[in-house]
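Pasting a structure here, questions to come.
Which chain is which? They are A, B and C, in the order written, and residues in each are numbered from 1.
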Amino acid sequence: MTDPIAAVEPAVDVHEHAGAGDSQAHHHSPEQIRAEMRVYLIVFAGLGVLTAATVGVFYLFHPAVHTAIIIALIIASVKGFLVAGYFMHLLSEKKVIYGVLVLTVIFFIFLMTLPVSHHANPFGS
Amino acid sequence: MDAHAHAAGGHAELEIPFNVDPRPDTGLYNAKLGIWLFLASEVMLFGALFSSLILLRTGADSWPRGYEFLNIKLATLNTFILILSSVTVVLAWSHLRLGNLKKGRIYISATVICALIFLVNKAFEYSHEFSEGRFPKTNNFLAIYFTMTGLHGLHILGGVIVFLYFLGPGAKMWAKEPQRYTNRIEVAGLYWHFVDLVWIFLFPILYLM
Amino acid sequence: MALRRQIRVGSQWMYADEAHKALREAIRVMKDETDSGQQQPWIRRYVFSTDHKWIGLQYGFTALLFLLLGFCLMILMRLQLGWPGQPFGVMKLLGETRAPGGILLPEAYNQLGAMHGTIMIFLGIVPLAVGAFGNYLVPLQIGAPDMAFPKLNMISYWCYLPGGLIMLASFLAPGGTAQSGWTSYPPLSVIASQGQTWWLVGMVFLITSSLLGSVNFIVTIIQLRAKGLSYMRFPFFVHAQFVTSFLLLLAFPPLEAAAVLQLMDRVAGTSFFLPSGLVVSGQALTNAGGGNPLLWQHLFWFLAHPEVYVLILPAMGIVAEIIANGTRKPLWGYKSMVFATVFLGFMSFVVWAHHMFLTGMGTTISAFFQTTTMIISIPSVIILSSLFISLWGGSIRFTTPMLFALAFLPMFGIGGLTGLPLGLAAADIHLHDTYYVIGHFHYVVAPGTIFAMFGGIYYWFPKVTGRKLNDFWGRVHFWVSFVCINGIFFPMFAQGLAGVSRRLYDGGMQYAHAKQIAAQTNPFMSICAIGLLVAQIPFIWNFFYNAIKAALGHRDERLGSNPWEATTMEWAATTSPPLAHGNFEVMPVVHRGPYEYNVPGEAAEFIPQHQPDAAEPAPRGGLLPATAVAMREN
């Protein structure tokens, strides 16, 4: 007699022991979670400092637009890296997610750079 | 698979694998992958608006400077508030992982409060601009400013609604499936961090350049 | 010291024997509840269903109706093109404002043109190819119980339908519906009448539906595939849908942004797309100006180019399935096809401005896009060639679905080849915005994609309903359609080369250089269009007659659950698998590739994907009955 359970079982995770090493959620100990919370607070402080720096740099260089743009974007990128890396835990994320994001960034770059190059090197120039 | 949920009567809801527990080879549960895909599409959405900004600005004869009339102080305060709300939501998720629903709810509420303060500040900003005769149709800088911050604001509002749901009727899930509830907060938190991330770029680009 | 085996069930670790007991109990209770007749209310089961099979059928019926509507709009256009300025009784349906005395006005022709394109692409083909075929088949083909997010699936459909209805409602707007082409170029679209605003709002709904659907598809395919189903064991149809979903996910948002910007221009008076100094009908516009019409074109085509691959990839997937099954051998070059599809998907994001060669581009951008466009033809050729070569040495069964799949190959070939001169700027100067373009893309979409859709309907109809469509009328449908469709579109290449522009309400009769060829070809093409309409009548009758009979319970018992003797897993589930119960009583485990037909050294003529390495051939009647019997006895 066919045992439906045996056929179902392959769809269920089977281990000989508990605590297999997947990151996030299930098997982090309370100490690990509390350690992560401390990291979040440090990152928060860093983000606060960088925000103040953004505005400070602006007033320092104002109104030299080009320098301001470059420095502000660099600082924003660092802040973005911190939010994405730690709050969104991208630094410890899975390959599938990285793959999707790398693809997205490539297309994002196309979208930023190509339309604005529309008139570069016009015919007859 | 919770045998007791089915035995309790009512309709047997279809069991979707890896809804709560990660699939071994990808290491992800379904909603985690789903929200990252959605965020990828959001990158393209805001990216299109940034691209529009670049195209319009580089092609413009004259382009007003945001810092000449926009309220930088209020926007800076808003930036701090939004970053604070990002911290509160990730702390909420951490407390839920520790099994502490009460603290989780406190931090989620803090997130919602920060978000509402952000929106109120934005309302002040907008009404100030309108009172000075600066509307989207006045020039293209204001057009893109209102469109981008407006769309961003709608995203904040969406997040607020989701968190209110999880504080309210959605909280019933904690009693039966705490892991699933925690995952939902994690996923909502990822969305929230993205909204914060967009603002981190919007703020200097619109206000300081 | 034997370890007492543990398995993880839900979020707990349990001893395996205890887990087995709990699972058995759960299944018993589940069967009890459903057998006692406790079913969902009618509205949950059939209106707001969360079952991918029913949602697929909802998409299918809705999309087919929209396709028919778009087709009828085209018939009206072709009547005008064949006999410009002539009154037609059927035109009177459009009302006195659009067709006074049954003579179509130019403004009305523009409305028909814009809406024909919009309806066919966004309300017809994509919902049919992805929403219907994709939704119904992908979970079955990967051995999943449903989509990863069933409720999201339901919401996707219920964003599509309102979006479609809003598009239809736009016909009633003052000034008529959208009439600036399906491409909605500003400044014309910004100053157009109210219908355009409805079009934009409808698009936002449709884009939302697509986005939610694409997330669902990608997560389902990655996360819910059956044990043993590695990526390179997917049926090609699943690869096609997978890549298509990525295109929808990442390419649609810029169009959504653009739609918002155009709405702002129309409703809030902004000037995103309106340049300074615009004068309309002698009146200078009072807007701020400084906008850029090219911005719309970039954002629009950023989506619209990947969109055309969304139109073709599912069709290629369907054709591949039918050909593998109909030749009784595996696809030739399966691996190359898979890599070509992924490469095609990637490249589709970098070719969009080949639609914009005549917008005053600089040499850098022009060279860039010509290069990428030429490169993207390579994966298309690889896929088409592999499908052609797959026929070699096959034991071909000329069933009705096979006829459509076979016809797809040369038709897509013509469509693809005629795209090449369009992708080179020098030739495009002459051919852009002419009938050559219309001929090119219709070849790919009409005898290309739509034929693949027809083939898919004939092929999978028995899976869904337990009945086959009538074979004789299927062949009539095929042959008459095939002849007429070529009659409509082939002369367009000649027209385009002669310089007949597109979107002319009289088909070119007002231009001296175009008059002769227009007069020679347009009436013939219009007669073929009417022939094509007539050819659909047997199909429509065939479809509804058999669907209604099946719904009333008249199955064809001789068919069994695998009438085409196919290997992929959708045929393992019982015919018309019941709603809301999952698809397989026992989740299948995959043991082999997707096209094990006539495997050398094997006794069986075909081996289903989920069949384990055993001596006995595939069980007739599918997986369900034997297992269900076993469980009842349990």
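Note that in this section contacts are C-beta pairs under 8 Å (C-beta built on N, C-alpha and C of every residue); 3 or more make two chains touch, one makes a residue touch a chain.
All of these numbers come straight from a predicted model, not from anything done at the bench.
More contacting C-beta pairs link the chains of B-C than the other of the two pairs B-C and A-C. Ranking all chains by how far their C-alpha centres lie from the centre of chain A, first place goes to C. Rounded to a whole number, the gap between the C-alpha centres of chain A and chain B is 15 angstrom. Centres computed as Cα averages put chain A at a distance of 34 Å from chain C. Annotation for chain A: residues 11-13, 26, 96, 103-104, 107, 111, 115 touch two or more other chains. The set of chain C residues that touch two or more partner chains comprises 8-9, 11, 23, 222, 250, 254, 294-295, 298-299, 302. In chain B, 1, 17, 21, 26, 28, 33, 37, 40, 44, 47-48, 51, 55, 179 are the positions where the chain touches two or more neighbouring chains simultaneously.
Listed in rising order, the residues of chain B touching chain C in the complex are 1-3, 6-7, 9-12, 14-18, 20-21, 23, 26, 28, 30-31, 33-34, 37-38, 40-42, 44-49, 51-52, 55-56, 59-61, 135-140, 143-144, 147, 151, 179. Those residues of chain A lying in contact with chain C across their complex are 1-2, 4-5, 7-18, 26, 96, 103-104, 107, 110-111, 114-115, 117-123. Within the complex, the chain C residues that touch chain A are 3, 5-9, 11, 13, 19-20, 23-24, 27, 222, 226-228, 246, 250, 254, 294-295, 298-299, 302, 346, 349-350, 353, 359-365, 368, 585-587, 589, 626-627, 630-631, 633-634. On the chain B side of its complex with chain A, the touching residues are 1, 17, 21-22, 24, 26-29, 32-33, 36-37, 40, 43-44, 47-48, 50-51, 54-55, 58, 65, 67, 72, 76, 79-80, 83-84, 86-87, 90-91, 94, 97-98, 179, 182-183, 186, 189-190, 193-194, 196-197, 200-201, 203-205, 208-209.
For chain C in complex with chain B, the touching residues are 8-11, 22-23, 25-26, 29-30, 33-34, 38-40, 50, 144-146, 148-150, 211, 214-216, 218-219, 222-224, 249-254, 256-258, 260-261, 264, 268-272, 287-288, 290-292, 294-295, 298-299, 302, 580-582.
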